[in-house]
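So that you can tell them apart, the chains are marked A, B, C and D in the order they are listed, and the count of residues begins at 1 in each.
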Amino acid sequence: MARLVAEDIAVRFGTFEALRGVDLTAESGSFVTLLGPSGCGKTTLLNVIAGFLQPSRGRLAVDGKDITALPPEARDSAMCFQSYALFPHLSVADNIAFGPRQKRVARDETVRRVDGLVRQLGLVDHAGKLPNALSGGQQQRVALARALAVAPGLVLFDEPLSNLDAKLRDQVRNEIRALQRDVGFTAIYVTHDQAEALALSDMVCLMNKGVIEQKGAPRDIYFRPRTRFVADFIGAANLHRGKLCGGAMSTPLGVLHCCHEDGEDVEICWRPEAARLGGDLSGTVKAVAFQGAHVDVFVSAGPETVRLQVPGELNVSIGDTLQFSVPPEGVIALEASANA
Amino acid sequence: MRNAIRIGLLLAPGVGLVLAFMGAVLYRAVAQAFGLYDFSGTSDGLSLAHWQDVLTTKRFWRAFQWSAYIAASSAVIAVALAYPIALWLRKPFRGSLILSAMLKAPLLVPGLVAAFLLVNVISYHGFVNEFLVWAGVWAEPRRMQNDSNGFAIIGLQVWKQMPFAFLLLSGAVQAIPDPVLNAAQDLGAGKFARFRKIILPLTTKAMQAALVLIFIGAAGDFSFQTVAGPPSVNSMASYMASLQGSEGDWNGAAVVAVMLMALSLFGAIGLTALVQLITRTLGRLA
Amino acid sequence: MRKSPFNTILSGLLIAVMTVWLAVPFGMALLWSLVDPSQAWSYPDILPPKLSFERWSLMWDSTSLPIAMFNSYSLAPMAGVGAVLLAMPTAYAFGRLEFKGKAVWQTLVLVPLIMPGFVTAIFFASLLFSMGFFARYPAILVGHVVMLLPYAVRILSVSFSLVRQDVVNAARDLGASPISVFRVAYLPVLKPGIFAAFLIVFILSIEEFALAFVVGSPDFTTIPTILYSYLGYNFIRPNAAVVALILVVPNVILMLILERLLQSANPAGISGKG
Amino acid sequence: MLRKLMTTTLACALMAGPAIAYDLTEMSWDEIVDEAKAEGELTWYVWYFQPEFRQAVKPFEEQYGIIVNIPDVSSGDDALNKVLAEAGRETGDIDIIALGGQAGNRIDVEAVFLGPILPLLPEADRLSDEAEGVNWQGYGVKYWGNQTGMAYDANRVDPETLPQTLADLEAWIEANPYQLGFNYENGGSGPSFIHNVARNVLGITPDSVVDEVPDLVSVYDWFNSREDKFGITASNADSLTRLNSGEFLIVPAWEDMLFGLIRKNEVGDHIEFYIPEWGMNGGGNVIAIPKNAPRKAAALLFAAWLTSAETQTALNGVFGSAPANTAADDSNALVPNDQRANSRVWSAPLSDRDVVPGFIENVVQD
């Protein structure tokens, strides 16, 4: 297990700033996700942590030891690649044993680790096969086993599930989390899938345009987004902008209440599931999407359309007028985004 | 059944023609080596006499050794030069495009012209000699055309064949995905370990193909040998052509042809095995 | 991408070396070809005493250079068309059908590439000799077509495999005749391959020496055989320089065109190895 | 399939070629000339000086209106092989062919060639059917005399110091290591040198009688003991090219070839020529008409023109070749006439064929 501290990491490609001063601390044994749209710098940050990229500024430390200048092969980290990057000429067992052999782990210890991992990840029948003979899910497990075989303090995941189908993805995701708890490594996990991030992480770092917009526990991020970007990226959010006076903002739907200090130009948001049926907000139903447990209802008033999530039993039709309310604790005021 | 006939008909004008032609030529060579189709009309029946005649001459064995030596050195040197360059140019950088275009330039120049250009430059009072004597490196001009080490021919072979090796090898090297190399590095493999454990095994096939094709090409060389080679020794092809052309000895030429094909075959097998062995050994090193 | 001064310096250096490597030999050849017939260039003159283009017109007028060029430049396109046409059915089978022993056939078609050229040439000549077949032009043409067929088969197989079955199906679904299917679904995809195959056979036919030399002996001249005659047996340096330069220039231009065409193609796919 | 295709093509080719049915021996010379003019062109196979010969035959073309095709023939051996290979063919490609005199030893001339043609020629009494010691029995007519000798760089070698005897040569090689170069194949100048050195080493003089090939070990030893003091070249032309560029001081060469090269300034005129007293072989080429020549009358007319005193004089002027017609003027040559006494023949005593293959095996390959 290892505690990673990144301070003021910046990376430049020519004139393009891929990272603009990122600070990140991953506590020992924690699961940290780097989440964000493509091009936000999350993979760049992962490559800096792995050592494939030299930052143009900043420092990295693991357990207090500066590793900024160390090459990847000398770092105590192992990466799981998006494309798996298995060695096509080596059998599954040899792939897994590659790291321990490089790190000059004793022979019987290597054998022990390979056996253990093969068993743990359900690869016993495949140990002698070449990677090409395996399915996508199996390859992913080999990649995971290969990374874990060096017993790293830090395991880096680069969108490891993006090449799997939806069902398999859930399964492997749970396996990863279970393994992380069992084996006890610190995980840095890059993804663009917010559901994955929320489900796995101890801490989510939401990145945008080379900086971390917000970091925190999944609940924090979801229920207390600090900026419009965060609110929008994680889950669905209804946004309003206007003058907040006495904790109230008037919108075409009616007046929304909010526990926040007044201001001339304030942006507020609320989650679709925060809406309650009945109340003094109202609009016309424009579209209805039945989802089983709940119904997504799109309600318009004037130029604005909002999305409500109401229990599945509710029967509404297009054209109806819907009365609803949003409790003040469900309405969040946002800060101006760092990148606005 | 109908499908088999259809496939057969489709293959006939292509593979069929090639096999009929090459089969006839190959049969002809072997048959003439064993005394059939003797045009001089002295004897027409199976015999080993032509083997006896050819294999007892020093001229044949020198040609055999010479061609084996030239082919093996050319193949190894061409690949040894092309390999690091292919690795180096794996990722594009400024100037790398011009460089790889220039590397391919010798493909544009017919072998005969290349040989002529070289002989021109290395002749007794040619550019190289004059320059080195002027610069004081050599006290007097050297006779590089009569060089019994065959450096001129090996140089020409390498010059002409290296682009080919480069194309094959850079194709193979570029086909290795970056993440695979990153993964190896990440798991603790340094530069040399990455080379011998990942790059080498993944490019073995291309390297073997390049070595084999260059070996076979160089073993069968005629033009470089006759234009730029030392006159006191023959290559297998020039000996064969001389037997058939100057002396009208088709059967002797056939013996040389069969031996040349044997040389090509065993050279190819030998080089393939050698590469396999080196790859294995390097891979096993801890 | 990190910039490395090592790369810049090394590549600059290599480019400079290779320029010298190319410029010196060609410069020398050019100088030799310009030696005026009125004054010899011999030791110990460092430079030719007199320069002119006289030797160029002399060589053109008094040698069989024009005939050789005619032979080569008429053989090559015919060999190209022949090889492409004969390669088509096989390439179709290799590129679009699955059948038993396909890999074996795909390897067997490469046999002409690994057979030493002089072996093929001499024993083809021996066959012709036995058959009493004396027409060198068609014999060399057939020889070139067969020897270069592997290249056409390899390139066209790749092209055929790139034709999308859904486009073929769509065309048939819309009621197109076999000819229209070929025109709509196959031809656009095959076109670059056909052109590349034709051009590579063309160039290799022009460069082919062994067969033309042995089968064409003693008097049927192609560009390489006349080159050999002036560079080998009748080696007179200034004349050789003229012939070499006249013949190398069209070749370079053709190869540059081919390079453009094949830029997207994988070289390993063409040579069939790797 | 291939064989079928070829035999079909062959059949077509044969049917297309009309067989010419006339007998030259029964025609008057005027009839032959008329027939030749009707034929209109002819193909002459000659393996050397093709560009020059294309110029030299212009007078013939103008006089008779018959076009002379001179293809680039790769070598004399190849031309001979073609004649032999195609002897069984009904109609060949060759109307008339030039051959080295010694080729007569390798061919059954009566079977392959038309003739005897010598008696048919108007100037027959001034011509010969003997060349290089081989009698062509009238089937071949000598049209070209030439001589091998030693070419040297007169700027750097004093003619007084030129080696004349075997002993001179030994001393000269000792004093000038690696300044002598010669070929062993691709042309006869080097073989002539090897042949004559061998005869001197063995003590064979022109009037010796040699019944069987003597032991040649002493010859091989002579060369092998000096092997790092002479250079092997690739061909006649290569020897002269390298002499011209200053690499060697002395090389064996053909007189006519050197003459031609100097005349066109492909070799500088400081290269001079002599026939040493140890002897060098003289050569002679003949022309002959294959039995299956498609245009026999034109070929015969051309043979008559080529061997005429007028043409022979002209050839001597252009090429420095020794005229084969006794009425021709031979004033153009590289050597004074008294040196001609050093000329030797290829076949006797002791043929070059008995020496050169052994030399290749025991000296070159050693």
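To be clear about the criterion, contacts are C-beta pairs under 8 Å (C-beta built on N, C-alpha and C of every residue); 3 or more make two chains touch, one makes a residue touch a chain.
None of these values were measured; they are calculated from a predicted model.
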Farthest CA centroid from chain B: chain A
Taking contacts as defined above, which has more of them, B-C or C-D?
-> B-C
Centre distance in Å when chain B and chain C are each reduced to the mean of their C-alpha atoms = 18
Where the centres are mean C-alpha positions, what is the separation of chain B from chain D, in Å?
-> 38
For chain A paired with chain C, centre-to-centre distance based on mean C-alpha positions, whole Å = 57
Chain D, residues touching no fewer than two other chains = 2-3, 75, 78, 81, 85, 234, 238, 245-247
Provide the list of chain C residues touching at least two other chains, using ranges where the numbers run on.
-> 1, 43-44, 129, 142, 213, 217, 228, 232, 235, 237
Chains grouped in pairs wherever the two touch, ordered by label = A-B, B-C, B-D, C-D
Provide the residue numbers of chain B that touch chain A in the complex, in ascending order.
-> 177, 179-180, 182-190, 193, 197-198, 201-202, 286
For the chain A and chain B complex, residues of the former touching the latter = 50-52, 71-75, 77-79, 81-83, 85-89, 98-99, 101-104, 146-147, 150
In the complex formed with chain D, which residues of chain B make contact?
-> 17, 20-21, 24, 39, 57-59, 62, 123-126, 141, 143, 145-146, 226, 230-233, 242, 245-248
In their complex, what parts of chain B are in touch with chain C?
-> 3-4, 7, 9-15, 17-19, 21-22, 24-26, 28-29, 32, 37, 39, 88, 91, 93-96, 98-99, 102-105, 107-113, 115-118, 120-121, 125-127, 130, 164, 167-168, 171-172, 205-206, 209-210, 212-213, 216, 219-220, 222-223, 226-227, 236-237, 240-241, 244-245, 250, 253-254, 257, 260-261, 264, 268
Spell out the residues on chain D that touch chain B in their complex, using ranges where they run on.
-> 1-3, 75, 77-78, 81, 84-85, 178, 183-185, 231-234, 238, 242, 245-247, 360-362, 364-366
